[in-house]
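You will see chain A twice below: alongside chain B first, and alongside chain C after that.
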Partner chain A sequence: MSGRAREQGSFAAYMLAAPFLGVFLLFVVVPLARAGVLALMQTYGPQDSRFVMLRNFTSLVQDPLFWRAVGNTLVFTAASVFIQLPLALGLAMLLNRPGLRGRGAYRLIFFSPQLMGLVFVAMLASIIFEKRSGLLNQALHAAFGTSLDFPWLQTFVMPTLIITTLWMYVGFNMVYFLAALQNVDQTLVEAASIDGAGPWARFVNVTLPAIRPVASFVVLLSIIGSVQLFELPYVMLNATAGPANRGLTIVMYLYQSGFETGDLGYASAIGWVLALMLVGFAAIQLRLARSEAKA
Partner chain B sequence: MRSHSVSLKMWALAAHAALIPLAILTLIPFVWLLTASLKSTDDFFSSMFLPAGDGPLGIAWGDLTLEHYNRLFFELGIGRALLNSVFLSSTTAVLATLACAAGGYALAHLRFAGRGLVTTLVLAALIIPPPLLLAPTYQLLYELGMLDSYTGLILPALAPAFGVFLFRQATLQSVPRELLEAARIDGCSEIGIFFGVVLPLVRPMVGAFILITFLATWNNFVWPQVVLQTAEKFPLSVAVSQLKGVYRQDYGLLMAGTVVSVLPPAALFMLLQKEFISGLTAGAVKG
Partner chain C sequence: MRTALETLIRSLSPGAAIIIAFAIVSAVALVAWPIPSRPGLEMWIFSPEHRLLYAPALDDRRDHDEPNVNLRVIGIPALKRRMMSGFFAGLQTADLIEVERQMAGQAFTGPLESVGFVDLTDRLASEGLLDQINTPSFGPWSSRDRIFGLPHDVHPVLLAYRADIVEAAGIDLSTVKTWADFRRVMRPLMVDHDKDGKPDRYLLGLWETDGDRFETLLLQAGGGFFDADERLAMDTETNARVLAELISWCVGPDRIAADVPDFTAAGNKLKIDGYAIAYIMPDWMCNIWRLQLPQLAGKVKVMPLPAWEPGGRRTSVWGGTMVGIPKTSQRVDEAWELAKDLYFSDVIARELYTRNDIVTPIKTYWDDPMFDQPDEYFGGQAKGRLYVEQAPLIPARTSSPYAKLALDRFRDAAVAVAEWARKNGTFDASALVPRCRDELARAETAVRRQMERNVFLEGAE
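Showing the complex of A and B:
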């Protein structure tokens, strides 16, 4: 390529990359840098600010609301990984039976809640879990005679959120597992079966290793999504954290600090803790995936 | 052999016996949502799904009503929010897809100073949780005078690191270098090559990414909630969730608002499902 042609190529390259580059620099790189500065400040709205250095972080450590938010978020994340994902895998294995009829229809039905955004699921769920008039208490009352006044949204906020996201995400994660299962070499499974391996042994020794890459991807996605839980509890609990902050999550506390209290600095500090948690989870997950791959 | 096929059939029966109740359980909330939006407030409290009566199937079909939808559109102006959502989602989807496709192609196939640095930054940006950028972006939009404007909502959404990364991979895999060289020798401009050669080759990814971005923008709540202040500008996600604050006991109305918000993207997904899945699997197979 001649020097002139390379120059032209490079000009055109800038033209094509410019829209992305411009926006990426202005609205990702610049805000990221400013998040670093903001975390050292206290602000009242977007204008008034003063440096407080590391005080936001020392305050966070002593802030019981923050710890409440971390605790709730971790409980929710654990439920996503240890309840929701095994159910999704189980469902995928049921659908993966050779020759099962209606697989496409089942897959679409189980996936369909995903088509509702979190806000709209929150609208629906907040009424389904209502005392007396809610569908769930009415159905449980009709079937088992339990109380119509069971306080889902008042006392059992975390279980309510977990059940709601089961409905929303089990089918979504099932799609990934099903795709992975369909690539498992059936001759290996049959060979193990001829060698006398029972269903559990076949699952642990043949199926699980084969779907491990997809499984660790799904675990990571699930953690990333769960740690950032916000609009579901926020809308379900009428723009509050619920009674006794039972529905307070990390991102909800970030939102409240930044946009209700008006301290963008404290909000940024919470944002950094969140980012740090995610990087930590990703590192642990990567290390686990690697050591398992070696073993 | 016969016993083998019998046991296969037993397995299939057992699988359906587990799957059918689960499928019904998954669909019940949708049915309840729809029926709740069509019932008068009295019937909402006296019946679980449809009001009992002496019509066909023992249901009082005549008691169903569109009053909640009437109120939404003619009293509460939900049509405005619906149009806002359509505008915001389609504009963001098309522009973000173009910006990401062009950016991803440039990162993969073109030479320019700083390409390596930008690629590293994009990879690093994949880990940033969006809430971290909420406060600084709000402050930045305030300084740029873009708060309470669609520019302030659309512009920051046009360069998702994830999108550029996807298109970088897609063009690396499905755009052969020889084809680009041949087009250059034929005298095509670089912009012409992008629209005439590159975009058609990654068409499945373009379709999938437009759909993903449309759905994500439609369902986005946090950013419009933070950036917009004027009620006339709210998309459905914010407008409908605010109805909840005002009409907390008006369940039929709230469910009708939810139906209005959920139907358009669901219909779009069903229409484009084939395109969407072929786009995803094309990426997966070649990956």
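Showing the complex of A and C:
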């Protein structure tokens, strides 16, 4: 290739990448940098801002509401990983049984809450968990004579949110697991059976290692989604964090600080802490996945 | 330089050259294109009802060749976002914006000179308009002694009750002057017909999570979250005493209050069923009941709120709307004239009541006979007159940008006290007061921490 042709080729490559780079720079790099600066400032619009250096971060460390939000978010994340995903995997294994009739229909039924959208699910759930007239309390009252005034959305905010997300996401994650299970090498499973391995031993020693890449991906996706929890409590709790902030999540606190109190600097600081948390989770997950792959 | 340009041109394929040429031409056109100035005035409102209210006056302006008014109805969240982003960036928004109380508070967060609305104090004083408007109604629209909006309403609060149930039981409410009277006189209505160990109905629609209603009753008692100088004052004896009393209404075997939410199908069903007898009722809520609960027509009446002590205040205040002129408006004087046309119009004041049940803040219109008309929905009462009589007596409020935060933390305190009471079996109001002081102190500390971080309000407290 002549020098001129090489020059033309590299220039064309830059030109082809330019639209993406332009958009990436404008909508990702610049806002990120701006948010970084904003986290060190107290602002009231671009006209009124003052550098307060790390004051937003030191306030955050001493802010009990922030820690409440972190606690709630971690509880929700733990429930997603340790309740939702095992349920999804169990459901996938049931549907993966050979000779099961109507597998497609079951799959559609379990996946269907996803088709409605989170806001609609949240509205439905808030009606179901309503005191007195709510479907759940009415059903429990009819079956066991329990009080109609059981305050699901007042006292049991986090369990209510977790139950709602189970309904919505178990079927969604099940699809990933089912796809992974269908790719497990059946000759290995049969060989293990011949060697005398029981169902649990086959699951732990054959199935689980085979679906590990997909499982790692689903765990990471679940953690990221859970840490970003906002719309569900926002709709279910009527744009509040619920009684005694039981439904306050990190993103909800970010929203309240930035868009209700108008403290954009503080909200940026919360955003950075959230970003660091996500990077931390992803790093741990990657390290675990790599060490398991090596083992 | 020339070599670089030549290299650039030579290296482009015809397609890339065309794309770049288009990009350059369109960018230049975009920058050079003149932004057409808006004809007439732009006004943003959040209530579709207000569009109907203002339409005749705006048509009249058009007939008289006055500047056209482009009225836009925008939902509250969108309006708030547009307004605040305009204020943040110093960009043009509208010439007039109607905002409700908590939206306005946020506009007062920064230094006084950065408040996005035009300071109307001197205009109101020089044109002699201050005296025409109910003075406490300026409270939510004033910051650091400056007024930034014209009040749209007063929103006095009365007590609505199920007259059909009360009168059938032979109860005479004219003897009820205080909340203690209310509890004593109405108690016989809490009967347990189905023998399930719980009353079939309660006396008041109120719950520990009802921050707005709790604030309304705090204000009635002379409490609140901020003092007259906008200083934070949550942990006070008055607030603790009222909070303890309200919690004692919501907890324990002898509770008189029940959770009946507003604006929900479930809450409306409970209202129709008579699950609670009485409700805190601002004037604006009358129209909502009329529309959402037609089944209760003729079955409801209103009376002044029972006072906290004999001879005490028989009303309170809940909600509010103002109109303000953004500083970025290029037609401030015309916008001011329009604001006066709409807010001081006797026709609109009359419509405001007949359409929306809302009492105008313009005192001279309070003698209008329309307020004496019997209202069939409210059992033929002259309901308007009852509201107007209480209008000058509403408690003063402040416009602190931290009002929402204070309300949220107050609600946390109320929930914490109620849960503590249930857990410990302590249901007596006087026994709850120390706990209320502890929780209010915690709430005040949380709000103060946020306020002290605001470098723009330093010295304002």
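Just so it is clear, the second predicted complex is superposed on the first by the 270 of 295 C-alpha atoms of A that agree within 3 Å, B and C clash if a C-alpha of one lies under 4 Å from a C-alpha of the other, contacts with A are read in each partner's own complex, and residues count from 1 in each chain.
Quick note on the criterion: a contact is a pair of C-beta atoms (placed from the backbone, for glycine too) under 8 Å apart; a residue touches a chain by one contact, two chains touch by 3 or more.
Model, not experiment: these values are computed from the prediction.
With chain A as the common reference, the superposed partners chain B and chain C clash.
Within the superposed three-chain model, A:W200 lies out of touch with both chain B and chain C [touch as defined at top].
In the superposed model, A:F144 lies in contact with neither chain B nor chain C. Once the two complexes are laid over each other on the shared chain, residue contacts for A:A13 go to chain B alone; chain C is not touched. Within the superposed three-chain model, A:S133 lies in touch with chain B and with chain C [touch as defined at top]. Once chain A of one complex is fitted onto chain A of the other, the partner contacts of A:L254 are limited to chain B, with no touch recorded for chain C.
With both structures placed on the common chain, the touch criterion links A:T240 to chain C but leaves chain B unconnected. After overlaying the two complexes on the shared chain, residue contacts for A:F82 are found with neither chain B nor chain C.
In the superposition on chain A, the chain among chain B and chain C reaching more residues of chain A is B.
The superposed model shows chain C running into chain B at a single listed stretch; among 1-9, 19-27, 73-81 or 361-369 it is 73-81.
Touched by chain B in one complex and by chain C in the other are residues 8, 12, 15, 46-47, 127, 130, 133, 259 of chain A.
Here chain A touches chain C in the complex through residues 7-8, 11-12, 15, 42, 44-48, 50, 52, 55-56, 59, 62-65, 127, 130-134, 149, 154-155, 240-241, 243-245, 259-263, 266, going by the rule given at the top.
Listing the residues of chain B that touch chain A in their complex gives 8, 11-12, 15-16, 18-19, 22-23, 26-30, 32-33, 36, 44-45, 48, 98-100, 102-107, 110-113, 118, 121-122, 125, 127-140, 142-143, 155-156, 158-159, 161, 164, 184, 189-191, 194, 215, 218-222, 226, 237, 240-241, 244-245, 248, 251, 254-255, 257-258, 261-262, 265-266, 269, 284. Contact residues on chain A toward chain B in their complex (touch as defined above): 5-6, 8-10, 12-17, 19-21, 23-24, 26-32, 34-35, 38, 43, 46-47, 91, 94-95, 97-102, 106, 109-110, 112-113, 115-120, 122-128, 130, 133, 135, 138-139, 167, 171, 179, 224, 227-228, 230-231, 235, 238-239, 251, 254-255, 258-259, 264-265, 267-268, 271-272, 274-275, 278-279, 282. Residues of chain C that touch chain A in their complex: 7-8, 10-13, 16, 81, 84, 87-90, 106, 109-111, 114, 208-209, 259, 264-266, 269-270, 275, 401-402, 404-405, 408, 411-412, 415-416, 419, 446, 449-450, 453-456.
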